[in-house]
């Protein structure tokens, strides 16, 4: 109901309880593709698990500690973007995201991020957005790279991915850079 | 950012932390007019009080126990509509609302309610919406009356309003009635 | 131990943990008869469930938010009366009740309510007591009717009873009416 | 309302919110006399403090972890008896008490304890009641001594009373002894 | 890592999460011997149960409400000593302990207690340490007796041990006595 | 009491409540020097604030979510080292630290870190330790540089330091590197 329309087909909305079933189904269909980099998919076995996830998102939002947004494409959920490790005192946040298996390669994620970053810098007044992506997860890295983020470093062995440590590439974008780009 | 547009000027959005200052100012300007029927205005002395109110709304929403919506008019907050006493097992909710002092008589509230009730009956799947208004609060009673609610009863001495008990008129609308009207 | 004696056989007491077993047995024997209007009976499968119910009652009481009273007849629990939706600022409460299967038709409930309402109006200082009963639940409606409550309205589709919506009749009694009656 | 009558003048009841004002006044009038052995009196400055105390009692009771009883004399609160350090697995409790300044020397406390101990041993099924009293608090020690408790020991330096350590005399009564006495 | 060395072989340390597995194994090997007086051993079925115990210890410690210390012998956990019922206002604590089956008769417990009591009286500033041991548990009673505690009384029927009540012998040591001994 | 001795003068211990006064005094004496990079010093106005800090440390430790260690020099507290953002699933932690004003330049911090990192890699089984230091805080950066950490990147505008954003240099050390160094 409460949408930010980007174009005829693409829109954003905050996650809500009524998304549980549809979001679970999207996760479920995307299980194989998500599993490479997102281990939580293995603990997502029913819409109830997704409902628990949504509850966590909304509680965090009620604490003013991050928010979770659904990417809507042609009326259905196509993916999720998440603000986490939000610091109001330092005016920065980290961003995570995933797309359902059928919605990749359409540029939906990059365009959605672009809109959300406008919102984060201009409306929320944040100064820095950070994206961390596994070094070998080229699709994930493509988002900050396309959007002009600066690669600030490599966090070595940042995550244990099924028994193997993987590096994270650290990308940052500052408010003044984003506004200069516009 | 996340809006439901009703027309060029009118839109709805869920309440959020960034509304605190503007919403406080609207309450503050409407102090005299709200005070007749809404005693909470006397405990609303600064934007921090409004922030605490917003936190309560968001926590309740995170519990799937009601939601609070701002009426946006020409980009500013004009009023608030609230779902409370929500029962998912009995598929009903009660609705409350107030408008800022400068936004009365424009029909904004009735049109906003109409849209929200569509949402409640069609998207949330509720079966019954209830409105209770003080018997002498004719402006408040006008909303359910204009929208075709059935007057179901009079709750005598329902509220202690500054030392005097007032009756509440009880109005109800059922999903099947709402859909028949459409 | 802590009783309010009404006559030789009839008394009231606040619910307590030591009632769990006896209260469960009463519920269990009354299963069929209670089930028509009180769906909670289906989730009451052992004295532990009743103990959880009692804990809830006592926690609510510790929050000054309602109380639960057992009707004692000849030393055994015969039924339960409950103050809920208590508002100290508006000085009103709603009342619910049920009787065990063998204790119906003896007038115990009406007499117990009468005593409790004296207590509510005179000792607790409440101004309004409300009773809501399903329209077709004539036995439940008989209580407020016998005690002179005013029928204030019909809450249509107030509850989903096993898939069918039922209306609630709304009854109210005000302190001044009660005291005039005495 | 919910009383255990001992005789025409004397009764017991569980503490409740509506006692706050009267209980505060009793404490307040008894300030000097209570202060010798009960340091909490110095932190009891208004009925709100007493209300907070009552809330604590009721929460503890809701946890099935002790209860607090008022001694009623001629319709007014005369004193308080408290079950604390209750252990259901070991079936024992400790008892504390105090009387208001005008209610001393009438034997009310001893008789009230006697009734409560019947309740504790026979209805609650406890096996042991313990009383600890400061060695020099002869009035407090008189209660277990009159009731036939066994002096089991002296807990040296058990409490810091305004900078001086005092010994506690430990008294115990077992269910079988109590029942043999009767 | 953070140890208090007593001699080459003996040391003390506060309990920590990394002890869970080793402590469980010690409990498990000592099951028969502990079971006589410590019923908790029957609910300790896996290292996860021990982890839950450790969490409880650390939470209590974080509340400044007691601490739990491991006796380390030749680098392994030999037993546990616990401060409970700690009262900062009255400057006293109660002490409990148990030794693993292979570590008995070496004098480790008495020497460890001696060191901990120095710490309790001198560093924590406590005035009284209390030990309660079942009357027939001669090994447990030997600790306070060897260390010069005063036998202050017998708490009759203090605990229900598998259906039989047992007496506890109450021992106390005061700071001034401990310091005089040194 | 529970120490890890590094040499005659230098030792480590977990923070505890009894440190509150001494730690406050150290902070207080170091106010000017700490204030440049550690804004919390401005909210540390009494030993009670330090006690609140210690409580937070111990609660986090009880959640198995990080620990806080005091550097002890000649028997007094010289500084603090903190494990935060601990992830057991990814086996990494971030480290922070500060030294009191009189204890700088003695190499105490580097040596203490070295010992703690041995503990973290060998006993806790962590795989990665991260240090973030403000780019211009050369003294803080000297620690990871002396200990052979790899500079992995620059987090631009990582913190708002009194109205100016400062960059953080990101350093990382992996278990295999640390062990190879030894």
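In order of appearance the chains are A, B, C, D, E and F, and numbering begins at 1 in each one.
Throughout what follows, a residue touches a chain if its C-beta (ideal position, glycine included) is under 8 Å from a C-beta of that chain, and two chains touch if they have at least 3 such contacts.
Please read these numbers as outputs of a predicted model, since none were measured by experiment.
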Most remote chain, CA-based centroid, reference being chain C:
F
Which chain's C-alpha centroid is most distant from that of chain B?
E
Using the average of all C-alpha atoms in each chain as its centre, how far is it in Å between chain B and chain C?
32
Chain A-chain D separation of Cα centroids, rounded to whole Å
60
Chain C to chain E: how many Å between their CA centres?
51
At least two other chains touched by the same residue of chain A: list those residues.
none
Taking chains as nodes and touches as edges, what kind of graph is this: line, ring, star, complete or other?
ring
Across the complex, what residues on chain D touch chain C?
1-4, 12-14, 17-18, 55, 58-59, 61-62, 64, 119, 123-124
Residue positions on chain D within touch of chain E in the complex are 89-92, 127-128, 130, 150, 152-160, 165, 170, 172, 174
